[in-house]
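By written order: A, B, C and D. Residues from 1 in each chain.
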């Protein structure tokens, strides 16, 4: 089977799913199921970690985990604006959720929610040194991406477009460069994906996974979009492996002339 | 279940698959299976219709047909350059394959294999009058497309790019216009698709199906690409139905500020 | 100097300008001047050809013509929906405007204003036989374009996008194919251009000219946009002739490493 | 006249031109003239600043400067990989060229020549504090760009694509975001431009200028491409000011139906 390994996990699904902003908890859980995801991000600053009801988000997600159908948690630092804030949030998450994995998000801009490269690198350095498996949400510039990879991040996760924009992969050239210069580190397109063809394209570029939230949670029918994303990642991954035909401005008949037989009279 | 009706058939698969140019008959058959297609085109001028061996293309395809898993034949007029030639080929196909369906292809240009709008319309008119279910391969201009629809063609099938080019949907705007002005006729993207994201995009534009040949037959591993296309059409169709989020240049946090709770000390 | 020949005229400007829909006659005339055009289209069905006042459109345009700064008229058949209607309009225009040139426009679709390939080819055949210099507004399909060129049209003028849409060159691949298969016939992008970079791109694709109307007439400041288009055609044409650098995903330093000298201590 | 102010200079030309990699000094000087540039960058590490011959690059450029046709020098730190190296190079340039202006380039990646955001910000801070007018070459992420602007850089200069790639504006969305969030700081597209339409597009996005080197120096005929770029910036700027028509998928006739008169019999 086609699996990939990231942060100590071996996964068959290539969808990472965010859990914020769904119309209801049921819609969220149905989307988790329909997407086939095995790794969901949870905003540590958003949820009440002391909450203990069986209907809470965390317990609902945990109940879905089983040996045959694993569902892992990936706490994130959404809402953090400085390295210090992000590191503290990650440490809090480690204790509360009992995992070394963290999706590191350090926002530098209120309007666009772009990551702050300087604070991000600083936080990533501290967290890697502290034993975390860091999934780093970053821009698409190759210098920052290579630095994060060299520091030992578990995954480098460039944006395709601003968070929640649904603009898709606005710069596939930049994403292609990242894949070329970082052939061995897990690369995940994080943010910007709006629909299925965006997800397929990310896979065709050779990315290892995609991380979605608004595209699913904000769709008119979230579970249906989640299912679309499951098929889209399978499609794009299979197409990547299948070896596509080259692009030509114009080509040749699909029914070759050589094979023509004459019309009988 | 999500089905569509075209030329008297009700189909659950949205992949129409061409059968020319595969590396081997086995590769072709494996691709047919992997794609999930229920409608395959066969070049009438290319195959020897009098051939009767159990290993021939036609008999192999026919053996795959069953009530639970239907596989219909769609003879095509590939290699025809005039209305007269295409009409004769269609009539020959009707007799030999015992079907009223025909994919009408009237090539007007040897280099680009673009359809000839004038000969195409002429042939379509004659064939519709003669009781055929005409699947018309055409350019992406709305005047010709509307004329074909008004004449009673079973499906209007604009190209995304030249046959065999793998360029994808070179003019999604033109394709979108066709869908808007022809909301009720079956529309299929025929020619140009190169990889999975192209197929997903066609579905997202609201097209009813895609017709593939070179993208699968010319891939390094045809059956794997066929499987990719199956998932891609499912993905794009589901995304179309799910109601995607709008595109915004930049948007809002996926973890809304309102939901932030303070870090505990 | 860089000139081109079309329909018996040798022109240094590559802007063909339409004259409908300006906020005022003065705005139109200022735009004509600012664009540097030497060939303006006039809608024969729109103007009153019997009108004789010195302020009329035709006389104002004619007064602008001089030996040093020629300004030729190109009557058009805008608003015609059939070959017969277009041929009659062209003949009327020939008598009224005393020119054999005609921009042939046969609309096939009220919503998109796409040309009707069948009626267009029919009208072009009759007009060429009748001694007209036919400037044919067509779609971007190579079969129709080649047919128009082979029939002896003075210029083949594919659309970049629907009339008045401002969408730019929605299918540069199709336009490139036309240039490749028709290296010798004057090719003009007609319709769709919205702004200066669209015009430059048309020239970079090797087109001989562009035809504009809405982009100028509908701009907030028409004469300023007309000036932009003059510079844009010069820019694109010069770039085409200058031989651009190839595109590479990433390349090399603009200051080569070999030339580095050491920093002095 | 349409001028802009940057780093204490008021300029009418919006082309900044690099001076490396031309086939000859004559070709370079002809390109400077043809481009109309008033600000040329000079690689300090590349040239021998102690050189004193009248034929040298610096003296040739200085001889071109006059009150009517100013030509200013902008030393750059191309080839620097750390903040320290860049700051030292800038200080050396200030002494040698007697100008406070510096194009700050701190490369972080040998393959792609992308800027290193962290070292760039560090160097910019030191140089601004030391009284320099800093023209900062950066990526297209809004956090770094805003930081450079807030620090007091004279110009923020995001790349359109990697240096020397000729890929054009690979992410116009990101460039548009920068213009929106930084309406008042001089913004210049630096790197990536390959041909005239790229330059026009940069102006249409509201950028204040473009910086070119390889696109001109590497063209088959550099002075001709330089002239193309002059026209392209004029074109794009005029179009930006003229107020373009909105884009519509399809629109309305350029000759409105209301104005139709009947064909006379």
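The working rule: a residue touches a chain if its C-beta (ideal position, glycine included) is under 8 Å from a C-beta of that chain, and two chains touch if they have at least 3 such contacts.
Predicted, not measured: the structure shown is a model, and the values here were computed from it.
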Could the interface between the copies chain B and chain C be described as same, meaning over half of its residue numbers are common to both, or is it different?
-> same
Please flag the chain sitting at the greatest distance from chain D, going by CA centroids.
-> B
Two copies, chain B and chain D, superposed on Cα atoms differ by a rotation in degrees, nearest 5, of 180
Chain B to chain D: how many Å between their CA centres?
-> 47
Taking each chain's centre as the mean of its CA atoms, chain B sits from chain C at a distance in Å of 35
Quick one: report the Å distance separating chain C from chain D, using the average Cα coordinate of each chain.
-> 31
Junction residues of chain B - those touching two or more other chains = 111-112, 162, 167, 173, 177, 249-250
Looking at which chains touch, is this a line, ring, star, complete or other?
-> complete
Parts of chain B lying in touch with chain D, wherever the complex brings them together = 173, 176-177, 180, 249-250
Chain C contacts chain B in the complex at 108-109, 111-112, 114-118, 121, 139, 141-144, 146, 161-162, 167, 170-171, 173-174, 177, 181
In their complex, what parts of chain B are in touch with chain A?
-> 18, 20-21, 43, 45-48, 76, 78-79, 85, 88-89, 92, 107, 111-113, 162-168, 191, 194-201, 203-204, 213-215, 217-222, 224-225, 227-232, 234-239, 241-257, 259-261, 263-264
